[in-house]
Each structure stands twice: as C-alpha cells, then as structure tokens.
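Letters A, B, C and D mark the chains as written, and numbering starts fresh at 1 in each.
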Amino acid sequence: MEFNAKMYDMPQEKAWCPGCGNFQLHSILREVLAELSIPPQELVFVSGIGQAAKLPQYTRGHMFNGLHGRSLPAAMAINAANPSLKVIVASGDGCTYGEGGNHFLAQMQRNPDIVNIVHNNMVYGLTKGQASPTSSKGMRTRVQVDGVTNEPFNPLAVAIAMGATFVARVFPGNKAQTKEVLKQAIQHKGYALVDCFVQCVAMNKVNTFQWYKEHTYELEASHDPTDRQMAFQRALESEQYPTGVFYSVEGRPVFWEECAAYRHNPEPLFRRSVDMEKLQDVLDSKA
Amino acid sequence: MEFNAKMYDMPQEKAWCPGCGNFQLHSILREVLAELSIPPQELVFVSGIGQAAKLPQYTRGHMFNGLHGRSLPAAMAINAANPSLKVIVASGDGCTYGEGGNHFLAQMQRNPDIVNIVHNNMVYGLTKGQASPTSSKGMRTRVQVDGVTNEPFNPLAVAIAMGATFVARVFPGNKAQTKEVLKQAIQHKGYALVDCFVQCVAMNKVNTFQWYKEHTYELEASHDPTDRQMAFQRALESEQYPTGVFYSVEGRPVFWEECAAYRHNPEPLFRRSVDMEKLQDVLDSKA
Amino acid sequence: MEDVSIVIAASAGQGIQTVESLLVAIFKKAGFHVYASKEYESRVRGGSNTTELRVAGHRVAAFRRRIDILIPFTLGSIEHVRSRISDDTVIIADKILFKNTDPSTLSINPILLPFREKAMEIGNWIYANVVAVGTISALFGIDQSVGEEILNARFSAKGEQVSEENLKAFRSGCIMGAELQSERALSIRIPAPPHMEGEILMNGNEAVALGAIAGGCNFISAYPMSPSTGVLDTLASLSEEFGIVVDQAEDEIAAMNKAIGAWYAGARAIVSTSGGGFALMTEGLSLAGMTESPLVVHLAQRPGPATGLPTRTAQEDLNHAIYSGHGEFCRLVFAPGTIEQAFHITQRAFQIADALQIPVFVLTDQDFVDSYYNIPRIDVSDLVAEHGFVSTDDGYRRYELTADGLSPRGVPGLGEGLVRVDSDEHDEQGHITEDMDSVRPAMVEKRVHKRIQLLQPYLEPPTVYPHPQASSILVCWGSNYQVVKEALDSLGSPDLSMVHFHNVFPLHPDTGPMLSNAGKVMIMENNATGQFANLLRQQTGYEIPQENRHLRYSGKPWSVEEVVEMLKKEGF
Amino acid sequence: MEDVSIVIAASAGQGIQTVESLLVAIFKKAGFHVYASKEYESRVRGGSNTTELRVAGHRVAAFRRRIDILIPFTLGSIEHVRSRISDDTVIIADKILFKNTDPSTLSINPILLPFREKAMEIGNWIYANVVAVGTISALFGIDQSVGEEILNARFSAKGEQVSEENLKAFRSGCIMGAELQSERALSIRIPAPPHMEGEILMNGNEAVALGAIAGGCNFISAYPMSPSTGVLDTLASLSEEFGIVVDQAEDEIAAMNKAIGAWYAGARAIVSTSGGGFALMTEGLSLAGMTESPLVVHLAQRPGPATGLPTRTAQEDLNHAIYSGHGEFCRLVFAPGTIEQAFHITQRAFQIADALQIPVFVLTDQDFVDSYYNIPRIDVSDLVAEHGFVSTDDGYRRYELTADGLSPRGVPGLGEGLVRVDSDEHDEQGHITEDMDSVRPAMVEKRVHKRIQLLQPYLEPPTVYPHPQASSILVCWGSNYQVVKEALDSLGSPDLSMVHFHNVFPLHPDTGPMLSNAGKVMIMENNATGQFANLLRQQTGYEIPQENRHLRYSGKPWSVEEVVEMLKKEGF
C-alpha cells in the first residue's frame, strides 16, 4: 500500500472556520500518519464534542465520535478490547480538561496505549466563545463579562504530576516540531498527551496564531525528558511557553497488559468465545 | 462563650470501627475548632459519602452531607452564597480524588475560601475495601484480585501543579503537627487542601497506623512553602512521605471576591431582595 | 399584504445578526408587530442558516413556511430554502452574488441591487448589510428618520465616523428601496396597529432569565450547552446590577450540586441546560428531592439522543424531566407556550420551589428560546420574591415532621439553629437513620404523598382556545402554543379548539374530564413516541388514538401552514 | 417442624459470615433445602445486622418474619429483632453475653451455652463461632461427619493446627447440641427431601455475573456501589479464567462510556450499579441509543432518593430505568423473580442487546442480590454466545438503512470496512448531518419505531401462578416473586393467582387482556408511587384502584407473613 496524507482525508466539507488552527493540525496529523504508514483500518479516531472533536469526522479510519468530555474512557476501553488498534483521541481543551477532567486524571493512572491530542484553543469554540479551563485570566466573554478569574489549567504540569508517560506541547505553526512530536507520541507505548496550541479565529481574539507564535519557543535539545522535576519546572513557564516533549518515560506496562484477560490469550476480545465447559465447572462448584 | 472540643461533638453513636483513624482526626479537628473559638453556628461541614464523609454527622455545626464525590461543588457554592460562614469539607480519598476528581481540579482553579480535609485511607472503606485512587500498587482486593496496577494518585503534586493556594499533608498520629496544620488551613484565606493519612483498620491491611507512622516524617522547618518547585519535589517523595505544609501562597483573591454580586454589596445572598425597579427598567429597555 | 415574512439566508459568520436586529428594531419602532426566529447549524462559520422576520399589522408569534421576501447572502442558502420559495416570493440580493452565476440557472428571478458597490463607495464593503437594511425599510414605506434614529442609537458609541458611514449606507439603501417601489411597483403597506406603546421584545431565553430575576434568582451555575446558554449569558450580563453569583461550572454535575449548595445557604439558584447536560444532573436532582431543597431547572430541549441535532428543536425530554433521578420525590414541570408565560412561569417557579421545597422545571426548546416577538409591557411593580426560609432557634430540626408535611427551612447564619441536611435517609435532625419502621415511611410520605397534596393548589389548568366548548380538540403543550393558535385563527373552524398545557406535570385535575368530554381529541407533539399523549393516558386513562397523534421528530418546528394542512386533512 | 427459620443477629464485623456459610453448607450437604438472606446497616463495624437461614424439607426462597431459633451475638441485636421474637422462639446464646445482664430484664429466656469458654479451652476465643455451628448442627440431628467434611474442606488450606482446632471446636459444639436435644427435648427433625443431587447455591449478584459470562460478557467497567458490587467482585474473581477485562472505573460516567467503547471494539460489556450511579450513566445510555450500541445494564435498586438507605431494598427505579436518558430510543427492561431467572435473563440480555443493538436492563434490588437459596443444577452445555457483528467490506456503512431496520454492526479490525459511529445525528456513513427532511426522520424511525417492532418477538408474558384461570390476581414484578409464591402456597386460595412480570418494559401484548379479564386486580410493589401500576395504566389503560395497591417503601422486604396478612385482609 502507498501512503500519503490525502489518503486520510474524508471527502465531506469541513465545518471549521477558514483560518481555524484545526486545519493545520489536521493536515500535519495526516502527514504523520502517512509517514508512519499506518493503514486507516488500524486507526481508531476517538473524540468528544466540540470543534476539535470533529477531526475524526474528517479523517479516514475508524471513528468513535462520542459525548462531550467522554472521549478518554471510550478510547481506553477500545484499546483494552482490541490492543491491536491504534487509538488516537482528538478533542478540545474544554472537552478534555473541562467536562472530561476526571477521565483525564484517571486514564493517566491507567496508562492505556493511546494518543491524546488536545486542540487547546483556550476557549469553547463550538458553543461560541465561553472561557475554557485554559483560558487566560482577564479574557472577557459573554459569560465571563468581567474577564476570566479562574487560574488557568496547566495540562502539562498536571500530567507530569500524575506521572503520565508522555507529555508534550506543540504549536502547529511550528510544523517540523509538531510532526516530530506527534510521531513520537504515536510511537510511544502508553498514554501520550500532546497539548496543541491552535488558534480559534472566531472566538478567541486573545490567543491568535500570531500570539501563539510570539509566545512559544522550542525546548532546547538539551532538555532531558526523563527528568520529571525539570519537566515540571518547564511546564510552569508562562510568559513564554516551551514546546516539545517535556516528559517521557518508557517501559511502564500499559493498561491492557496488566489485564488478566490477556495473560493467556493475546487475541482481541471480539475473536474469543465463551468456554462453556469451564462455566459449567464453576456452576457445578456451587453445589 | 467558652470553647472546648466536646462542644463540637454530637451525641449520637459513631458508626466507625474501633481503631479507625477517623476518630483521631475528628478529635483533633474539634480541639482545633475550640482553640480557634469558632462558634458552631458559623461552621458548615460539608461532605460526600463514605466513612470519612460521616464526620459532619458527628460534628456540631451546620451540615451539608451531600452526594458521593460532590462535596466540593456544594462547598464552593455555600461559600459563594454566604462568605461569612466557615466552610470545612471532610471527605474520603475516593470521594475527593475518585468520583469527585473533576471538582477537585476545578475548585482549585476558582480558589473558594474553604478547607478541604481529605481522609486519605488509601481505600474505599464504606463499600468494603476496593482500591481507591491513592491505593498502593500491588494491593489486592476483591476487585483488584491481582493487585492494584494504577499509578497511585498524588494529590499534593496535582494540587501544586494546579496552583492551589494551600497544600498540606498530615498524619493524625502526629497530633501536634496535625493541629498546627489544620489551624493554618482554617485560617488560610482561599482553598486549603489537607490530605490526612488515616488508617482504615477494617479494609486496608497495607497502610496501617504503624505503616503511616513508619513512612512519614515532618518537613523540615527550613522548607519554604512559597517555593512551588521545591514543594513539587517534596510531594513526589514516595519512600518516606513528608508531612506539613508543602505549599502556601497568600493574597490571591478568593472566588466570591471576584463575583460581581459582591462588588457593591457585602451581604450574604439570603439577606438581599430583588430590586424590582431596576428590573422594570431592564424590561422597559426592551421596548 | 398585512403580514409579510422576510427570510434572511446566509452562512454562519456572515454577520447577518446586524441585518436582523436593525430590521426588527426599525419595524417595531415604525409601529408594526414583529416576530423573528432562526434556524442554524452546529458550526460557527459556513453552512446555511436562516432567520425569518415576520412583520404584520396584528400579533405574529409563530413560524410560517411561506417566504414573501427572501434576502439570500450565499447561493447555497437559496438551495437551503428552495422548498419554501414560490412564484410570489420576491428575492432581493446583492448583485455581486450573481457575478458568476446566471439566476435563471437556479430557476429564480431575483431583484439584484448593488449593496456592496454602494458600500464600497461609502468606504468599506462591510456597510453592504446596512445598505440592504435601508432598502427593506424603504420598501415598507417606513420613514427614513425611524431607521436613522435606530442607527444612531446603535452606532453612536462606535465613534462619529462609523456612525456617519452607517447612516450614509442606510440612506443609500433607502434610495434604492424607494426606486424599487416606484419602478417595480413593489410596495408594502401594512396598517399600523394601535396600542403598540411599551411593547417589548424578548426571546425565550431572555424571558426565562428575567423571570428568574423577578423570582429572586441570585445564583446561576451552568455549563454552556445549546440552546440553553442564553439564560447564562443574560444573567451574567446582569450579574453586577442584580447581585447574581455566576459560575460557569466545570460540568453539569457540578452545576447541579452548586445550585443545591447555594439554595442551602440561602441563595435562589437556577441551572440551565439541555438534555445531555440534564442527564448528568439527575443524580443531583435526586439529592434535591432527598434534602428537600428548592431548585429551579431550565431545560431547553433539542433533538436527541446523545448529541443529536444541537441547534434544532424537539419536545423529547418530557419523560426525562418527569421521571429522571433515582428514588421518589415530588416535582413540578412547566412548559411555557408564550414569551409572557416563560417570564411569569419562571418567576413563579422560584416561589413554588421555595414554598414547597421541591424542584420546579421550566421546560423549553430551541425553537422557543431562540424566537422572539413583541409582547405587551410587563409590569413587575407588584411582584415580590418572598423568601421561604425561616429564622431558626436552638432546637431547630431541619426535617421536623409537621402536620402539613412541610418542615420549616432554615438557612445557616439566620438564627441560632443548626441547619443539617443529609443525602442519606435521615431523622428529623437530619441524621442518618436506619429506622425503617417509622422514620423512613414518615419521611417518604412527607417527600412524596404529602408534597403532592401540597402541590394541588399550585396546579394550573390548560388553556382552551378559542372556543371553550368546542367538541373537537387539538392538544398541545409547551412551545407549540403559538403555531397552533395561528393555525386555528386562520382556519376559523367553529368547533375546534386547542387545549394547551403549560403545566405538564402533575396534570391539573380538570384534564381527565376535559378529554373525555371532547368529541374528537387530537394531539401534536415534537417527538416520536407521543410522550405527552402517553402521560395523559397514564394520568387520566384517556387514550388518544395513534391515528390522531401528529408527531414530528425532524428537528424542525411546525409551520403555521403545516398545522393548517394537518387539520384540513383531519377534516377541519 | 418442616421449615425452620434461624436468625443470626450480630454487629457488623463480628465474623458471623463464617457461622452463616458453614451452617448453610452443612444443611445443604445434609440434604435440606436452604435459603439465606441478610439485612445490614451501612457501616463496617457495630450496629445490628441479621442473617436469616431457612432450613426445610421443601424449597424455601423467601423471607419469613417468624424466628424459630435466634442466635444473638450482642444484646443490642436482640432489641433489633424484638418484634419478631415470639414465645416459640428459641434463643441460643453464649453465656458470656449475659455475664452482666439478667435475661429476664430483657424479658427473654435464652438457652445459655459456654461457646466462648469451650473455645478458650481449645486455645482461642475465635473458635466460639464454630462451637455454635456444631451445636446447631447437632440440634438438627445432622450426622457429625457432615460438618466435619465441610470444615475440612474449608480450613485444610489454613494449616493443620487451624484445621484441627476448628474440628475440635465443632465437635465440642456437637456435644452441647446433643445434650440440648436430650435435656431440653429440643430436637428438630426435618424429612430429607428427594432429588437434591447437583442443586447449587448462588445469590442474585452471582447469578447475574455468571449469566453474563454465559452471555459472552468479557468486559466490565463499574464503580463500586451497594448493593450491586457483587457482580463486579464475581467477574473480577473469574477474570483470568474467562478472559474478562475488569476496570474499576473512576466514576459511573466513565463506566458507561467505557462499556460502550468496549462494545464498539467488539467486546461484550456490562455495567453494574445502583440508582445514584445509574443516574450518572444516563447521558451515556443515550449515547448507546444514538450509536445503536448493544449494552447490558445491571441496576440493583436500593431506597432513594439520593444516598437513601444504601444497604436496604426497594423497587423505586423502574421509571428511572424506563425513561432515563435524553432523546428517544428503544430499550428492554427485565426484572428477574428467581435466581434461575437472573442467570438466564442476563445471559439472554447479551444476546438480545447484541442482536437488536439496544440497551437491555437487568433490574434487581438489594433483597434479591443478597439472598440465596438452592436451585437445580444449571446446564450450560447447549448455550452459545452468538456474536451479533459482521465482517465488513470496503464500502461498509455503519448506519445503512435496511428494510428491517437493523444496520449490520461491524467492529474495527474485522474486514476491510471502516466502522464510524457518531453521537450527533448522522447519515448512513455515520457522518454528522443536518438533513431534517429525510435522514433525521429515517434514523429516528430506525432507532425507535422499527426497533420496537423488532423487539416484539423477544417480549415474554408474565408468569401466572398457581391457577391459570383464577378470577383474582395479585400483580407483582421482579424480586417479589418468591415471597408472593410462598404466601399463595400457604393461603391455598383456589381463586387467587399471582401474575408476575419479569419482562417489565415494554410489556408483552397479553398484559392488557390478562388484566381486564380478571375479576379483582391487586398489586404489590416496593415503592411509594405505584410505578408499575402506573406503567400498566399507561400501556394498557387498565387502572388498578388505589385501594388495591399495596405499596411498601420502608426499605424492608416483604415477609411471607405480611403478604399472607395483606391477602387475608383483602378477603382471601
């Protein structure tokens, strides 16, 4: 099979605004998939609801476009039910860190073998511009009429505190690095968080493409992604935001590997059938 | 009024097991309240569901014993509706970091003026011994038959990552420090997390009183609780667990102070009435 | 023509809200009745959305299929409304739209005007919309000064230049409108209706929000969700003026538990959401039931299940409102049929919730909350938001068993008593109990049986229109009031009436007799299973036959024409 | 005496599970029918809990109020069961319990035996319980070797000393039991029933869990919640043997979304919870409806609202199961009446869920899941867990509109097709649509109307017992089967039957005629509003009069005696 980015594109019209950062991210992701030669039949795109969450609609592969905030539990289960599929979650900052916050925490504890791409536009795009957990302090919206007062959510710091096994931030305006990081994330065994700075041209007038460009810089090559303490320190930077892989550890078993269900049988669950004889034994043992 | 610890005790029988760590914590808390001379009428105890969550049942003051996992949203709202009340949340590790994880994150972003005491016995006590988010790896239970495989939740590290304004851990076996830290937490303006190591004698055979005793030590007096980086580093320690105030910052406005509702009127909401004239103006402006 | 339907069709993000709001303001100021409703896709840019403006000499408050004047802003949007275009539809469009397309290839014959060209002359293409506004205004023969006044009010804050250029654009549009009148003999003269003084304009969400304020609401915790977010927006915009604590909650579970916490502490809280968000609130709803907390829920329906059609309309969550939450407790569900009703019902919802310590629902839907029309001035000078709580003394017991079944509700900090509420089954003090012989049954009877008794005087009968004694009735509920009313008005059948329920659960005791006394009973609902018809059967035993159930589940609201056609088929 | 009710009363944490499980094993091995049910407080230590053991020569499967033998382990527990103690109740207690209390001050006359003393002689007071077991065993005239065998099996793994000392304790108890027989002329001789070979013992939770395995369940995501947790425990304990992925989810929302994700990927998943947890799952339930995902929900009811009485029993969540979730979709609700039924229904739930791509409920309650009794051997050799999914090819469309209304369900990785599911309204490919003219209505009809049609052949009629043509009927559903059955057996009224529904929604079409053909219809439910009676009226029009509705909402199960008394008052 020949792989190219176009192959991962779905024909229907994209309901994103012209200039939306999701376009860049989408096209980079498709390039990465092509370069990694992953057939669409082995890919499952999982999302919640929001503008970002429409990405699976536009991407060739299996798709589970679930509920707002609930992409991670579904993704984790898909991975556990069939570890041979490559599960890529793509959803928004509101979806992942807002409504879905508890799942974000809990899945990091489990370390499922999934990639979690968060389109962090620092706003609720689809519902027209309310603050998201990552919105900047002071940003005014129709709900936050006097400006956001919540402390912005720092996904990287939290992920590092949780011991997530791969924690990165990218700005698709920096295409080369974004590609490289996404590749690593997809190849990483275990849970990989990639927080992506994407502009919402319609609803976020503060964090524009230009703003992201001016407020990001690449982590130095010397940054050691196995140094959790340093990773945390870099994650706290908030004048200028570093991009790249903050933290990464290999070798921790992933969720499905820890399941007794796979101890004697590597097959995905759908290929199995019930051992009725064994069940008969169990029932008879109740005599 | 004369204040003493007994005053905060409710007459009914406590449904905790003999030897349960909740007893120690409860009695220390009552002493602290007495020493701070806070009348029961000014105290609101808020909890979810669990063994820990029964604490308000046994403590004199107002009580909001809500749903499993949902103590924090209720507490935050009570504080916002009437800032003159002292709101103390007491709930379990499962309640606060498990079912309630998203509220834990979100309330730290808001910085309500509440104290969040978490009875961290590293197990689901009331439901008879399943793993909680903080359970140790390898602990076997009726559900975790091959032992816990989740990475344990580190509440302090997460709170520090979230920028919570007061983050502490205590072991009630160390009564003097526990008293001191609880006092500071109650006097702290803003959200104060106090993670308490309490033994569950019935359901957790790993983390016993003795175990906590042997695995905790006091943070040195030289620890600077305004140093976030250092606080994080100390929070990651996991052979021996430091106790004390890891992190504390003063001066960040609390949630209710940021509300427009209090900009021109300091009264609690229940003392107010609707300005119908103003409403008439608003309606008439729609003409 | 006494009743003109103008449809503006565009992509999301083309800024046609300006056209809509200016036109509505001008029509209203010119003394006409107006109605506006929109339908839109779940996206921020692109696609095809429309707004229908109705301008009339009599009250108009429902959606019509017919388009008298279509103002398309994209070619795609013409396709989008194709089925509503007739030979009588006048299409007025910017010339530029057809630069590369011959209208005849689309089988239409639009009037093409140089909106954009004129705007460019004035200095910026963005004025094209205002040029169009001028044209329409003139077409209706409205004095230019009316529009000028509106524009001044709207743009004066934006600086002199902007204000001036908008005026210029408007005037240049007026000139084109006047020319159109004379050249094409296209002129609309609507007789100006009397008594328009003080008439106000609000959409459903605003009516709920302002009704809430009238009911003493000073706390909202909500998570954004179409189509309910307008209530959050409106209360946020008034938070400083009315002292409202506004919390955009982390999720709907939090929103609900915050609202209950707020009521506990003496606030008056509302939650506002749609079906999916409400599903997440149902555990908390049950907590309100157990703790005997007052609560007001605004539930704006949209088509489900799951995410469904987020910006479309439906009446699919009646069962959800009535039966959700575990365990048993008493609740009251209102579904307003008019904007006035939405205001008054929401105001009353707070009074009843507080008086009876129960959850009260205001059940609306997308069509209802997004539509607006002028209504008579609302006078709030006689309203008072009475607090249902009491000052407590030392021996206060939150769940005291009283003769009437209401335990006086204290709030922390008012009086000497301790206010102790519990989500477990509890005794009078609010303490956990396992006493199943007396305490539990007594508490259940208080929360369920006695509460339902206490609720009786608050129940309201349905509205019968127009003939109190008609032998055939068309039952509807909630947002279908206006469309049925207009259809009946236009049909003028002497023996057919609408029976409209705004008080949908529990039902008023008159309901059963009303149904069984009728000759023919039909029902109209926006769902696939006939939820209200089933409820009627359950509560009254009266079964509306399947063939008399007119169920629509497309996501679109009924148009007046469709209701008329349906009734004609039924023989009226 | 052919039917003895032994009640063990103690505080939580006194380890009386050993007494219970040893006695049950001994009675069963001795060839008797046994039944055990417990009632307990929501705490881990202290308080007063009881276990009732029934031992009989015929099948016993329901709770009796009467206590024949009471074995109290605390003084408080005597108070706790006071109302159930009669002059015929034999109370057997450890001497030590009355060290400081004269029994007569409690108005009882217990037989005091030196259980603890004997245990101390053997070496450790913890053997006191086993001494008591020996005494009871001997009292029933059971050969000592029966108990010895059971003890050997139970304790041999714990090392020789423990095993030996337990045996010693048991034997010393036997001696006391034998003495009791002769001295006090207290002897129980139950005729050993025939055909006990292969009879098995399971409680409701185990039956659901094993039924699930028989149905092919290989995924459970659940959050612990009484009284449903036993299903999670059981599946976890068998996870390795049967290849079951077990996830103790972070919350119930996650549990539900994980289950749906798992089904999507080809697993067969169950969620198990109680009312409050289920409330949190309802948004996800609606997702199952929209994505047309199979799903099995075990909902073990307990009294609400909110936290309610976590360890008590109720039938309050029928409406919740039937109506929860936003929007409209098809579902099926079973409520088993017997342990066998729980096994078979759960097995079938997986088949139906997979065949029809709908959520199927197994609705139980605390009394049901915690009770157990012997039932005939279950033979699973003929069962197959048929997969409902298909292998897909390149042009696969997950939501293809087919004639019968079922879109073949693919799973990722099986075949060439892409499996694309969506929570928004979607077209056949699973892509977001806003087409309200054809796609949306077609999809609604598929999910609702056609699915309800497809469901018809799977609906099961209620069970009528004992007289098919009795003119009076007592309707009940779910867990009340056994208690009503035994009450009817003991009443022996020739003209009264039970009509028991295990298939509670949608109802089997026979239901209406069955009700309207009956002379008198009564109903018995464990809730305060008559949820099933209301459902019957809604679905069939038949109204069971209020005075014929026997509603209990105390949190306690009905006892056989109470049902008998109720029926006697009704004139039977």
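What we mean here is this: a residue touches a chain if its C-beta (ideal position, glycine included) is under 8 Å from a C-beta of that chain, and two chains touch if they have at least 3 such contacts.
This structure is a prediction, so every number in the text was calculated from the model and none was measured.
Trainee: Could you find the chain whose CA centre sits the greatest distance from that of chain B?
Mentor: Using the mean of the C-alpha atoms as each chain's centre, the farthest one from chain B is C.
Trainee: Across the interfaces A-D and B-D, which one involves more C-beta pairs in contact?
Mentor: Result of the comparison of A-D and B-D: A-D.
Trainee: Find the geometric centre of each of chain B and chain C from their Cα atoms only, then give the gap between the two centres in Å, rounded to an integer.
Mentor: Between these chains, centre-to-centre, one finds 41 Å.
Trainee: Just how far, in Å, is the C-alpha centre of chain D from the one of chain C?
Mentor: 45
Trainee: How big is the gap, in whole Å, between where the Cα atoms of chain B centre and where those of chain D centre?
Mentor: The mean C-alpha positions of chain B and chain D differ by 37 Å.
Trainee: Can you pull out the residues of chain B that are in contact with at least two other chains?
Mentor: Chain B, residues with two or more chain partners: 15, 49, 67, 98-99, 101-102, 105-106, 110, 133, 145-146, 260.
Trainee: Which positions in chain C touch two or more other chains at once?
Mentor: 41-42, 47, 239-240, 246, 250-251, 253, 276, 283, 287, 291, 306-307, 423-424, 432 - these are the residues of chain C that touch more than one other chain.
Trainee: Write out the stretch or stretches of chain D touching chain A in their complex.
Mentor: For chain D paired with chain A, touching residues are 198-202, 206, 210, 213-214, 216, 218-219, 221, 238-247, 249-251, 253-255, 257-262, 264-269, 283-284, 287, 291, 377-381, 383-385, 387, 389, 411-414, 416, 418-424, 430-432.
Trainee: In the complex of these two chains, what residues of chain C are touching chain A?
Mentor: It is residues 13, 41-47, 223-226, 229, 232-233, 236-237, 239-240, 246, 248, 250-251, 276, 306-307 of chain C that touch chain A.
Trainee: Residue numbers of chain B touching chain A in their complex, please.
Mentor: 97-102, 105-106, 108-111, 133, 145-146, 149-154, 157-158, 160-163, 228-229, 232-233, 235-236, 252-253, 255, 258, 260
Trainee: Considering only the defined contacts, which chain B positions touch chain C in the complex?
Mentor: Counting only chain B, the residues touching chain C are 10, 12, 15, 40-42, 44, 46, 49, 54, 56-57, 60-67, 70, 73-78, 80-82, 84-85, 102-103, 105-106, 110, 256, 259-265, 268-280, 282-284, 286-287.
Trainee: In the complex of these two chains, what residues of chain C are touching chain D?
Mentor: It is residues 41-42, 47, 253, 274-276, 278-280, 282-283, 285-287, 289-291, 303-310, 312, 314, 316-317, 319-320, 322-329, 423-425, 432, 434, 436-437, 440-441, 444-445, 447-449, 527-529, 534-535, 537-538, 541, 543, 553-556 of chain C that touch chain D.
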